[in-house]
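What follows is a pair of complexes built around subunit A, which joins subunit B in one and subunit C in the other.
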Partner chain A sequence: MAGVTASALTTEGRPAPSAAKGPRPTGPAGGVLAGLARIRWGRGTVLLVAGLYFLVPIATTLWFTVDNSPQGFSLDAYRQIFTVPGLWPALQLSLLLAAGTIVLVYLLLIPAVVAVRLGSQKLRTVVELTCTLPLVVPTIALTAGISDVLRWCNDNLAPTPFYATFLYAQNANFPVVLLLAYVVMALPLAYRTLDAGMRALDVRTLLEAAQNNGAGRTRAIVSVILPNLRSAMLNTAFITLALVLGEFTVASILGYVPFAVWIVNGNSAGQGPVTVAVSIVSLLLTWVLLLVLSIGSERRNRAQSTH
Partner chain B sequence: MTTDPAPATTVAAVPSPAGPTDSSAAATSTAPVTDKASGATVQFVGLRRTFGATTALDGLDLTVNPGELVALLGPSGCGKTTALRMLAGFEMPDSGQVLVDGEDVTRIPAHRRDAGMVFQSYSLFPHLNARDNVAFGLKMRKTGKAERHRRADELLELVGLPTHGDRYPHQLSGGQQQRIALARALALRPRVLLLDEPLSALDAKVRENLREEIRRLQQDLGITTLFVTHDQEEALSMADRVAVMHAGRLEQCDTPAELYARPTTAFVAEFVGTMNRIDGVLAEDGKTVELLGQRLPVDGATELRGEVQVLTRPENVRVTAGGGQGAIVTGTTFLGSSTRLAIQLPDGTSVKADLSTHDAAALPAGTAVTLSLPDRPVLVDTRR
Partner chain C sequence: MSTAPLSATPARRRPKGAAAGRLAVVPLLLFVAVAFGVPALAMAYGAFTTYNPGKPSAYTMGNLTASLQGGYLDALIGSVKLSALSALIAVVAGLLLAQAVVTSRFAFLRKAVLSASGVLANFGGVPLAFAFIATLGNAGMLTSRLHLDQHGWSLYSFNGLTLVYLYFLIPLMVLSIIPSLDGLRRQWREAAQNNGATGWQYWRHVALPVLAPSLLGGFVLLFGSAFAAYATAAAMVGATVPLITLQIATALSGNVSADATNVALAMSLDMVVIATLVMVIYIPLQRRSARWLV
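Up next is the complex of A and B:
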């Protein structure tokens, strides 16, 4: 299986027949030898190795979900996705958390990035460093810190009116604690994508043009900057969604059961093929989303190059 | 510092540079777009602004009359853009006032000022098509959709792009984008139009076309206009008056012809056009100056005495073959209808002289020549 996939990929990896860089462009009657000469072996090898590295695990995973030995091929695992207990609540929790994280990240970062664009260089460095910090702190350390804080709160807040808030923040249906952790973890990538989108705009001039046309500052940002950040915001949302869907460490240690935790738990609870089938499906969904995103931006680029 | 408060005749006196362009179509649609008498008086009073260690404006005083196009001309960093941005409300003066029709607008926020602006960089909103860009301000003012579109189409026609309403900025050329930006700036019927080097990103041909068109529109609408530029040709060809700025101050504000022929300061003389500096000696009374074996009257009163330099344009220098003066042609530059000669005087001074190409052909490099100036008053400055 893996071999087939890999060889199919090398075929795709070959340069287009009339590639100008080819050492000796030959006509269509060049024959098999000429065709072989046109393959760039160096690239082919790299592609083959990389392809194997990525595709073998996926292929074997796929195999595991459809091979129901000794009966042979079966799609049972995929059929069970709709009935297996616990999946939908877990997925729902993950999606809810993802939505919350995305909204919070937007609220935090968009004003920050606009301010950085309009403000001083110093501010920019501060924001950039702050947003990069979570990359340096290991997730496990972050989780340990959160546990400590929670324990401290549990010990000290009980007699105070804050205790209800504290309990609410840990509500298993919508754990705000987890949400906050995810926001921190999403900052580095979200900042990068939003900042890149902002960089493509002449923010100051656009804002001034909007103000010159009678829009106040806030209105100018909402009606001129945000619409032009749409694709950057979409990218941010997507990356954050991927992060939250796949996050295991924090959720698991804090004792919540979102999507990723459910997959691992289910796996060890003997629901092996189903949970793995679920991961395959989520992988496919992710790819489809990515494809849609890249097609969308490609179409925009093409529109921009036509005059 | 001359803060000449505008000769009232300027608008009529300057021949329209917007020759017989395709203004017929636009002229008919002009009337409903903006009323003719909508121009306002703009006054800068003692504007001062410093950014850290640099002084952008150092006490700027300038009055722009209703319906007038004044070009703010000067080297980069002279404060011309800062002055314009203060009128737009994007910049606050440290001291001084901006008055529009006598009313102090210094503290009014940018979005409530009555000034349309065209920016140097392309400033159209990328996510809106041309029509919606033009209609943006109307939308902010909560004008109804039908009325918005009607007026936007009217303005698009005014700037010569009636069929481009559905195009997005990235589908438009630089020149078209600036036309749309102009339409957008006019959409709210502003009392003042601000142009911040709107042509500097365009190539020469487009620039010249658009220059004429902006001038024609401005005259048709009778809107008070401030035009920032560092291109003196642009300033001289478009403006009713040109305000030359230097180091945050106004050097001189006059009609283009006056500015070129009678610069009041040495800076203006040398910034606008090309100037020769030739050594001369002032008479005791300071009313005449001796140079090149001639005695010429001095333009205006001067405090200077003794050794000075005379400022003169290349086209005013007369060149005849033959020695005597010790001047030698060191090079020639062909400029088309005229040729510029570089001539060295015995004292080492280099003088530029513009001759008709036909006359210059007789004076190749190495020829000994004699220079003379026409018998007209000349401007003098201290020796450098």
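Up next is the complex of A and C:
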């Protein structure tokens, strides 16, 4: 479901600080008191059921990793994380790909998003459409297309000098094909996040002010726009990291072994507890990172607004 | 959520700036043309041609016909059914959860739920599959403690897979509906209350009509996401539900036959057609909800 990329479109759903005080059913009291009581009770039920549904599988998974049937409690699975073969190369590959994806996404999108703010409605439509297109092609369909292109290259490029480039792009240490696919998959969400961050800024005024002070356009963007975009950029980076770390479809079908593929392969090869431990730890770790990030950005916003 | 009405700026007076603007977009367009356009076109071309190494390819409708028959058709229908059902449940559950979180007094709850949703919706299906196997699989903890298997429970069935899909679909719904819930003005509720409306009447006549486009948009998004999901089902080895993504992966692996690859391309094209239909519904709905919820 890495295709889900598609998806989370809306992580920018994080509210502007002012909106955080959203609608609260604590309106004027009176005849609605009974209704209010019902709503609160309903909310408790919803939160309880949701809590059970989302936390029980995580809890049982953690239990599964420390429960070593005959002897009982054991942290072996977690100790093995540091020794099990193949994990670190796979994780390294994933982190490398994630870094590459994030850099490419920044390089491609930030100039485009600034241009969209300054440019015409037509330009905005073009960019928006370009960044939405990948949503229409599910990840597995993109993978099928890529493997078809690779097959064609393999059949037709062998006698030509491009063959070396072609092989290089599939180099198992840093497969450029995967990098390209991941950037495509990250585009829709990254565009929306960066664009939403940009919407909060008055780009035109900021740029004109910087230019009146003698900065060139590039300098103005780098030293005035980017610092203001920090929290949107961090958000993009973390969601992209989550996407690349968890990506399974493209990598497994094209035959590479990054993090998620190693977990599944290792699991079916009988290294059950370690792989489950690794997968749950990576999930929780990413969550903590995102949580810290969102608390941090809230602090900054508050600090700025009290100035 | 994409177009704020204020962003419709008057045309630039300085053509130089506009040209620079267009130039800044060129790398993005080039990249998408190469990294996305080429594979997409290759997929479409391959769906309509035969493949014989060493021989020129010929046009054929055979791949598409094959992709819409027998086991492949069952898989396509299975995927559509699973995606529609799980998306429908997730829309309702996600709305309830999002409303509970938005109206909560605890700011931390909101942050925790939002960031957890961001991770679950994006992290991919492998850890989710493992978590559910450990909990409700054949030897899962709840399965053995509660003797669920004696009641006919199987995680590897249609219902089981739906339950697993909800684990990333509900967070996705929460993420996509929270901005709209934030956009519901407090004054609307107060106005309704002042006119004597009950909570139910407020939801029935004010909130839900305003939210309707967002809810439909959310459904479409969730459907597309479930439809494209592959990792979850692949990691749950032994699932008996036929899914189009599993079929494509099997055909691509080359274990079936050489020309199965082109049938896989045809199945991919079928998926793109369905996803496109779904997107065509999605885009105007987003525009409509943007009108009310700025």
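Keep in mind that, in the parts below, the second predicted complex is superposed on the first by the 266 of 307 C-alpha atoms of A that agree within 3 Å, B and C clash if a C-alpha of one lies under 4 Å from a C-alpha of the other, contacts with A are read in each partner's own complex, and residues count from 1 in each chain.
As a convention for this text, a contact is a pair of C-beta atoms (placed from the backbone, for glycine too) under 8 Å apart; a residue touches a chain by one contact, two chains touch by 3 or more.
Please read these numbers as outputs of a predicted model, since none were measured by experiment.
K.L.:
Based on the superposed arrangement, let me know which partner A:Asn228 touches: subunit B (first), subunit C (second), both, or neither?
P.N.:
Touch partner of A:Asn228: subunit B, not subunit C.
K.L.:
Which partner chains sit in contact with A:Leu47 here, subunit B, subunit C, both or neither? Use first/second/both/neither.
P.N.:
second
K.L.:
Please indicate which partner A:Ala164 is in contact with in the superposed arrangement: first for subunit B, second for subunit C, both, or neither.
P.N.:
neither
K.L.:
A:Asp202 in the overlay: touching subunit B, subunit C, both, or neither? Say first, second, both or neither.
P.N.:
First partner only.
K.L.:
In the overlaid three-chain picture, which partner chain does A:Leu75 touch, first (subunit B) or second (subunit C), both, or neither?
P.N.:
The answer is neither, since A:Leu75 touches no partner chain.
K.L.:
First (subunit B), second (subunit C), both or neither: which does A:Gly216 touch?
P.N.:
The answer is first: A:Gly216 touches subunit B but not subunit C.
K.L.:
Which touches a greater number of subunit A residues, subunit B or subunit C?
P.N.:
Of subunit B and subunit C, more residues of subunit A lie in contact with C.
K.L.:
After superposition on the shared chain, which partner residues are touched by A:Ala242: those of subunit B (first), subunit C (second), both, or neither?
P.N.:
second
K.L.:
Quick check on my understanding: which residues of subunit A belong to both its subunit B contact set and its subunit C contact set?
P.N.:
217
K.L.:
State the interface residues of subunit C toward subunit A in the complex, per the touch definition above.
P.N.:
1-4, 7-9, 11-12, 17-18, 20-22, 24-25, 27-29, 31-32, 34-36, 38-43, 46, 53, 93, 96-97, 99-105, 107, 110-112, 114-128, 130-132, 134-136, 140-142, 166-168, 170, 172, 175-176, 178-179, 181-186, 189-190, 193, 198-199, 221, 224-232, 234-235, 237, 245, 248-249, 252-253, 261, 264-265, 267-269, 271-272, 275-276, 279, 283
K.L.:
In their complex, what parts of subunit A are in touch with subunit C?
P.N.:
Touching subunit C: residues 1-15, 19-20, 22-25, 27-28, 32, 35-36, 38-39, 42-43, 46-47, 50, 53-54, 56-58, 60-61, 63-64, 104, 107-109, 111-112, 114-121, 123-124, 126-128, 130-149, 151-152, 155, 180-181, 183-184, 187, 189, 192, 195-196, 199, 204, 217, 238-239, 242-243, 245-249, 252-253, 260, 263-264, 267-268, 275-276, 279-280, 282-283, 286-287, 290-291, 293-295, 298 of subunit A.
K.L.:
Would you mind writing out the residues of subunit A in touch with subunit B in their complex?
P.N.:
201-202, 205-206, 208-217, 219-220, 223-224, 227-228, 230, 303-304, 306-307
K.L.:
Over in the complex, which subunit B residues touch subunit A? Could you list them?
P.N.:
Answer in residue numbers: 88-90, 109-113, 115-117, 119, 121-127, 136-137, 140-141, 168, 170-171, 173, 181, 184-185, 187-188.
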